[in-house]
Every structure is written in C-alpha cells, then in structure tokens.
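This report refers to the structure that appears directly beneath it.
Order of writing sets the labels: A, B, C and D. Residues in every chain begin at 1.
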Amino acid sequence: MNGFTASELNELRNQFPALHQSIYGKPLIYLDNAATTQKPQLVIDRITKYYTFENCNIHRGVHYLSQEATAAYEDVRAKVAGFIHAAKSEEVIFTRGTTESINLIASSFGKLLFETGDSVLITGMEHHSNLVPWQQLCKNHNGELLVAELDERGEVSMEQYGKLLEQKPKLVAITHISNALGTVNPIKEMIAMAHANDIPVLIDGAQSVAHMRIDVQELDCDFFVFSGHKMYGPMGVGVLYGKQKWLEQMPPWQFGGEMVDQVSLHETTFNQLPFKFEAGTPNVAGVLGLGAAIDFLQQTDLEKIGLHEMIILNYALEKLKSIPGIRIIGNAAERAGVISFVVEGTHPSDIGTLLDKMGVAVRTGHHCAQPVMTHFNVPGTVRASFAAYNSLAEADIFVEAVQKAVNMLC
Amino acid sequence: MTIQEIQEQIVSEFSVFDDWLDKYNYLIEMGKEVPRIDERFKTNNHLISGCQSRVWLHAENRESKIYFTADSDAVITKGIVNLLIRVFSGQSPEAILDADTNFIEQIGLKEHLSPTRSNGLVSMVKQMKLYAQVYKLKQDN
Amino acid sequence: MNGFTASELNELRNQFPALHQSIYGKPLIYLDNAATTQKPQLVIDRITKYYTFENCNIHRGVHYLSQEATAAYEDVRAKVAGFIHAAKSEEVIFTRGTTESINLIASSFGKLLFETGDSVLITGMEHHSNLVPWQQLCKNHNGELLVAELDERGEVSMEQYGKLLEQKPKLVAITHISNALGTVNPIKEMIAMAHANDIPVLIDGAQSVAHMRIDVQELDCDFFVFSGHKMYGPMGVGVLYGKQKWLEQMPPWQFGGEMVDQVSLHETTFNQLPFKFEAGTPNVAGVLGLGAAIDFLQQTDLEKIGLHEMIILNYALEKLKSIPGIRIIGNAAERAGVISFVVEGTHPSDIGTLLDKMGVAVRTGHHCAQPVMTHFNVPGTVRASFAAYNSLAEADIFVEAVQKAVNMLC
Amino acid sequence: MTIQEIQEQIVSEFSVFDDWLDKYNYLIEMGKEVPRIDERFKTNNHLISGCQSRVWLHAENRESKIYFTADSDAVITKGIVNLLIRVFSGQSPEAILDADTNFIEQIGLKEHLSPTRSNGLVSMVKQMKLYAQVYKLKQDN
C-alpha cells in the first residue's frame, strides 16, 4: 500500500479551507499539527448546521429540537465507541479534551484507590498533562512518582519499566506517541506487562488517534484519552474511554446538571454511566463536530493517512539531516507524527521566527514536556508535525527554509 | 393474535386520523384504559427510570405467557404504555424478545420511541424485554 | 423607555436563522431560552471564520496564526472583563460553563479554606449545579449545608438568611435569578449582609447575564459565574470571575498545558493568573464566539432587551392566569426570564408534548432544581422562558396552545 | 536625543529594507551588539518571564537617567531588545513612562510587540517601565 496519489492529496487538501491562504505573502505551510490540526469543511459545516438549525440543550427535553439534538449527540457517542472499538457506548465519556480526561481520572480514580504512599508510573516523555496530575496525586498521598527513563534515542527501557512495575504502582499512565519526540511506545507490550502485575493502564492517545487505528479492546488498556482538536475535530471536546468496571466504581468528579438522579437538599444519588461523569450542559456542537471528524477519518482511510504521513516524515527527516549542525531530538526506531530538532549555535525561537516569515508554521519551545528538554539538555526544540494533508513539496520547502534560517543565523 | 397482527391493527386504527390532534386525542383515550398495575406494586422497584413522568410496570407469567400491567402519572405516556401492553401482553417470552417496535414510527409517534432518545419509554421497552428474558431463562432451566 | 419596536424586533429576529423554521409544519416558537438561547448569525459566523482561516493552538506559538489566535483569545478576555465590569482581565477565567466554574471554586476554594465542620450557605432555589457541589463539599468536611428557605411565592426570607449568616458559613453561594421560578434575588443586599459577617459570596449568574447589566465591582461579589450558551454564545464555554485576592490564593484545580510555569519530574511551579486555572488547550472557537455574543448584546442594548422580555413575560403571565386550573409556580415580586406553571389534573410532560406538536418549545420537568419541586409539591412544571427575540404574538400563540392542550387533557 | 527622535531614527534605518529578509538580517546584526548585562546579573531575578528564549534585563540609575543592559540566548530577541534599549536607555523615568512602542509596528515587526500577544517582549517593555516607575518614586521621595 502507498500514500495518497497526487490527485487524492489534492482532493483532500481542497477539503481544508485554512490551507489555502498566505502568510506574509507566502503560501501557508502548516506543520504545527501536533498542536492542533486544521478542520475539514465537513466538520465546519456540521457545527454551522447545528447552530443554524438544530441548536438546543439536550436530555430531558420533550420538545422536537431537544429530542433531535439528544439523538444526534448520543449517535456520536456510539460512533466514537465504534471508532476506538470500545465494547460499549457507555464507556465513552465526553470531556473538554485530553487534559480534562486525565484530570478526571486522576481525581476520581485517585479517590477510589489511592492510599498513603501509593504511586503512579509514567515515562520520561510525558506531556505535562499526563505528568503534573500524577505528580500532584502522588504528592498528596506522600507517594513517589515512578518514572521510566529515556535513553539517548528517546525510548523507554523496557527492562527498567519492568523493574518499576515491581514497585506496584497503583496505575501506569503512558503516552502512546510522544508529542515532543515522535516516539511510538510499545504500548501493547507495556499494557500486558502492567496487567501481569495487576496494574491498570491509562494511555494518552492525544498524538495517536489521528494517525493510526485504535482498538482499545485489543490493546486491553483500562483508560484511553484524546482530544477532538488534534484529530481534525473542534476544540473544547475530548474523550475519556474507560473500562466499564472502573467507571462503575469510580465516584463522580464534577457535580450538577445531568449527572444526578435524585437530589434533595442534603442527599444526592447519581445517574448511571456515561452521564455520571458529564456534569453541566455539554458542548453539543463540539461533539457533533467530533462525529464529523470521525467521518472524515473513516472516509479518507486512517491507515492510508498514517502511511502517507510516514512517507513525508521520513523524507523530511533524511533531508534535514544534511543540514550542518542539526541535531535531531528523538531517534526512536518506531516514530510517528513529529520531528524535533535543534541547530548548533542557534536558538529554536530564532529558527521558528524566520520559518514563520517564510510561511512555514512550526512550533518551538518545550512542547509542554519540559523534562524531555532537560533530559536532552536543550532549551527547547523546533518541531515540525505532519497531518494527512501535508505533501512532499511542503517538506521540501520546509527543509529549504530551515537551511535558509540557519544560514542567516550562523 | 400475534404481535405482528396486533401492531397492524393499531396502525390501521391510527390510519383514520390525518391530524395529529385526533391522534393524540385517541392516545389520551387509550391512556385512560391502561391495564392498571395493582396498587401494591406501585413501588420504586417497579418504577421505570429516565421518564419525565413516573411509569410503573409489572409483569406476570401465566401458562408461558407474560402479562403486563402499568400506570403513569402522565396520560399521554399512559396511552403509549397501553399500546405497548396491547402488543406485548399475553405473548410468549420468545415472541416479545423478537419483536420490534416499528409500529410506533408507522403511526407517527416516532418521537416517543426512537432508540437513541434518552427518554423513559425506551427504557420501558427494554424493561419489558428484560422481563421476557428472565422468564425465558427460568423456563429453559 | 420601551421594548423593541416591531421593525426593531423584526430586524433582531432576522439575525437568528434557527427561528425561521417549522416544526411538524408549524412555525417554531422557541420558549426554552433558559436552557439555551439560539445564536445570532454573527456568533455562528465568528466560529466559522475561526475554523476556516484562523484555527490554531494558542499561547507559546511563535508563528503567525498562533499569535493572531492568541491575541483574539486574550481580546475576548478583556471584552468579558468590560462586559461584567471586572477590575482586571486577569480576574476572568474561561471555563466550560457555569457548572465547571462552580466545581472549580468548590474544589479550589474548598482546599484553600475549608476545615472540618465548615459549611456553605445556599438558597432553596438553587440549580443542581449550584447545590450538589456545595452539598458534597460540606459532606466531605462533615459540615452542614445551610439553606435559606423559600416562602410560598418562591422568595428567600431575608430574616432567615440573616440568621443563617450568623452560623458563619465559609461561603455564600446564591443564584442571581432562579431558572425554575424566575425569582430575582436581591443579591446586592445579600452580598452586603454576608460581607458584614466577613463571608465571601459566589453569584450564579447563568440566568442573569443575558437579561440585565452586571457590574461585579458594584455588586462587590467575590465570584460571578455564567455560561456562554445561555447568552447567545456557543456551548462549551463559560466564565468564572473571581476577585484577584481570592484567585491568587486559590490552588490550581486541573493540571497540564499552559497552567504551569516550571516543570520537573518531581516539582511543578504554576503560571500566574489567569492561566493558572486554564489547563489544557482551551476552546478558542468557543471563546471567540462568546466575544461575538457580547458584541451582539451590546449592539442590541442589554437594557432594552431586559425591558422587552419583561413586557412579554408579564403579558403572557396575565393571559395564562385566565386558564382554569392553572397554578403559577413562583410569584416573586421581582422576577425575570421564566414562567413556571402546572395545570390541575394534568402532568407537565403531557402539556409539553402537546405544545411541541403545536410548534411551541417549552421545557418540562424539574429544571435541575428538584428541591424546588419538592418545596412546591409538584412533580415538575412547564416552563416558558423568554429571550430578546420573542414577541407578543408568540406569547399569544403560546397561551392559546396551553389552553388547547388543557382542553384535550382535562 | 529624545525617545521620539531615536524611534524616528530607527524607523528610517529600517525603511531602506523592503524585504523582510534584509530586515531580519539587520535585526540579527543588532542582536550581536546589545549592551551586555554584567554576568553577575544573569540570575533568575533578572529573567523576564513569558519568553520562549531567556531574556535578562538590568537597569541602573545615573544622574536621573536610567541605563539598561540585557542579554538573551536567542539572537532575534536580542535584536529587538537592543532596539528597545537604544530607545529607552539614558532617558529619564518620566520619558520612559510616557513613551509608546509604536515604532516596532512602523518598522514592520509588530508581531513581536503587539500588546495582547502573550510573549515575553511585551513583558520586557512592562519591566522597563516598571523600573522607571520605581526610580521615579525614589526620586519623588
């Protein structure tokens, strides 16, 4: 199987209005997809249609608009369940994004299971959103945050990971793909190892759902979380998948709205799954947009997208390596999505500024993964991240722009 | 009559109305004639959750058939409950489990029973099928 | 001053595409505005424009789109501050909605100040979102939730409220306007009374911001919270206003993303206000839509909107009272926004169903205020709630529809 | 020269470039010539927060004028810092407090200093003005 043909890619790009604009008079080359992807017309249209004709608060409404909106909202729940191959729709909770999903679990799962001295095991490549909540949870229980360290390529040592599991953390929380390094963790193996020690596992899928097929049952992860806006969907919507057995036991996190069953002034009983975890008016437009984003991914063929991106990433990577003084940060054998680098004698923000002037949007800085920067002893990196709509031609322009920036700066 | 036949009968009864008003007037009438649940069964145990109005449902097994009685504090709800009871009551567990509820759609009351709706009537059908399931298991053992 | 003229109202209605549709062949009469309002074209367009041309993740990005989106996002923060007359932009925190704002405060303010036995004072008319979080907070501290009771008109007794203040709750949390009864609480007086006892006050403004001018400094409330979707803005965005002195002291709630300053594997320092409380990628599109909603309110003239709604509400109220068997639930001297009622011998859901068939969208049920229903000994109510775009003609059709429904049911 | 005059001078220097490339090359050159902060002041105390690159700023008061020195690990940042120092260093606290930074916009570098941008150069201007404020207060007392 190959990536997209030129005409397929052209058609695909035509679905994204944001790509067809100029920045400082140069055509935009958008390589900040790990931060957020652009949105296909079908996602934008779904939101517009909702607000134009269907807008209504959902659940418990007897009138037409409310019933229709409720049905549409619950349909997306089923669609998400299908997309990640969850056993049941009720295992899909809508949140505001990955960060909120993780905070929900840290708070609620923490309440359920954590006692003094309990710990969580993470890796050294976690995004702050999958690091700080666990660090604080451990701190609150006088427990130690266990960290599987990275080697010089940006991979976790499986041996050390295995050893840390023996310390019996209450939860393992690891990213599927590192947003700072592009490392793809061998999560299936890591989950199996944790389960062999009876330890549940949370997977941060923020950087993977848009790039590869996810099957939570096959992975057998206990939790899987991701954001709509990084998978061609809207901002302000995300997903928390959890195995029913955990979600049933976990106490609710936020209170109010649809998540209750019976309320008196001094007692409350809570609603069943999934509503128990969805307090307040949900972001209905966001959820419908997420549904459209899944339609887009399925129509376009997620496997083909992954392959296409890999071709471009490898191409750009090879070309970049020829730039004198460049140092690629993260050289895992399995990688996807992003290339991070620094150039000797330059600061990432200088390169980012000059690339921007050439129409190339990359991210620079610590990518909300400061410990990764510390590990590699860099102040930050320049990060190019790829999506379905990027092309080899764009990779060429990007690499030339980096060369040009380096020439100016050195 | 089979479930299918009763459903067809109901559809034909409703087909004479071309106005929603008459349809609902008929439904309200039906609501007044629902096979009443015995007062002692009107407990939280028999309450269907998720309804705006309260709905109580009771099932009994006689000679391998299931008989339903019910009540609700809302009359339109009771009308629909009555339709469901007409269709399902006195049928075998197998027949109940196999049946669909498309007739509700055919008579133009789809808004009350579409499967993704989070209202209580959907839970009610589920509950009826659950009773059937339980009786079937008992029978089989 | 008067309400809108016929041509003003016509023009206003033309800004709302959702109003110009038919339900079961009847023109839609949307009277479920307390649940969520419809959106003016300018709000819809703002969101569309953002996703079409400006979409980007904000903060810390050096490239053009990111800088522009960041500026637009922070501009709305300043706009919200101006809209509610906050002293500083940093006192405005973007959340997902009222419910999240309250939960944030319950958790963070709770951590800051609550000790064993501490209590919160609310009223008997609170929405579950401003009840359950406090109930649970009190429960967790073995404290008692103090409740200022309602009289038969649905008003709080100021005398009892004063007495309860003497029990020194750590916080007073009251709704500005009841979503179930329409009661407008004398919050200025209630805040002053609480402050005289050194007790901070949170105002749930979910039902007031779209109907009247809010000046948080004049009110002198410590917290003021509301949702975008109830003020012509998008779903998935809300506001938490807090006095700087509280927000500075309060610990962060959710962790991850922009809310940190320095992160190492075992220590984290947090960012300054307002970022400290905004974890994860924010709903940028939602925030920009909220900005457009404020533009709409300011262009249309909020005071005039309030007056116009009052005229329609009073008109409908008087006409409703002539229906035999009707019982208006909530008869406060000061009321706004909603009319709640039951009709003897009928169930609210029956009336709601029949109104829906006539194109009239109202809400029926407990309106997430079950204790209010218990207080008035009703299973729920039928609630009509009004917005800027409703007309006297719609009020007529609504009342006739109620009469027709009652005739059918009795 | 007054702040206004220096700003005009800078604007005219930049006006000869009609290409962003030349503008940035010039900025990079300027970055190399920033009045260097004394190494002993390169501490967290002198760090400007909110920058992607680190920026240290120091101020001194001589004869009612304020003199700035600075450094950064990014050269373009240093270039802009240098422009700000040229404008503000050696001026009176009052003049610094009154001055605007529109010249940055005029030379087409607005993206680096627009007030609602959450970047560190904005904090840097704030910090310079804060120093001026503090010296002014000292003077007045």
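What we mean here is this: a contact is a pair of C-beta atoms (placed from the backbone, for glycine too) under 8 Å apart; a residue touches a chain by one contact, two chains touch by 3 or more.
No experiment lies behind these values; they were computed from the predicted model shown.
By count of C-beta pairs in contact, B-C exceeds the other of the chain pairs C-D and B-C. One simple way to say how far apart two chains are is to compare their mean CA positions; for chain A and chain B this gives 45 Å. Chain centres here are Cα averages; for chain B and chain C they lie 38 Å apart.
A straight line joining the Cα centres of chain B and chain D is 77 Å long.
Of all residues in chain C, those touching 2 or more other chains are 24, 60, 62, 64, 349, 352-353, 356, 364-365, listed in ascending order. Counting only residues that touch two or more partner chains, chain D has 52, 111.
Per the contact rule defined earlier, chains pair up in contact as A-B, A-C, A-D, B-C, C-D. By the touch rule above, chain B contacts chain C in their complex via residues 20-21, 24-25, 28, 52-54, 73-77, 111.
Partner chain D is touched in their complex by these residues of chain A: 24, 346-350, 352-354, 356-357, 364-365, 379-380, 408-409. Contact residues on chain C toward chain D in their complex (touch as defined above): 58-60, 62, 64, 67, 70-71, 74-75, 78, 261.
Listing the residues of chain C that touch chain A in their complex gives 17-18, 21, 23-24, 28, 30, 32, 35-36, 38-39, 43-44, 47-48, 51-57, 60-66, 96-100, 102-103, 106, 124, 127-133, 135-136, 145, 147, 227, 229, 234-237, 253-258, 260, 262-268, 279-286, 349, 352-353, 355-356, 360-365, 368, 370-371, 374.
In the complex of the two chains, the chain D residues touching chain C come out as 49, 52, 111, 114, 116-119.
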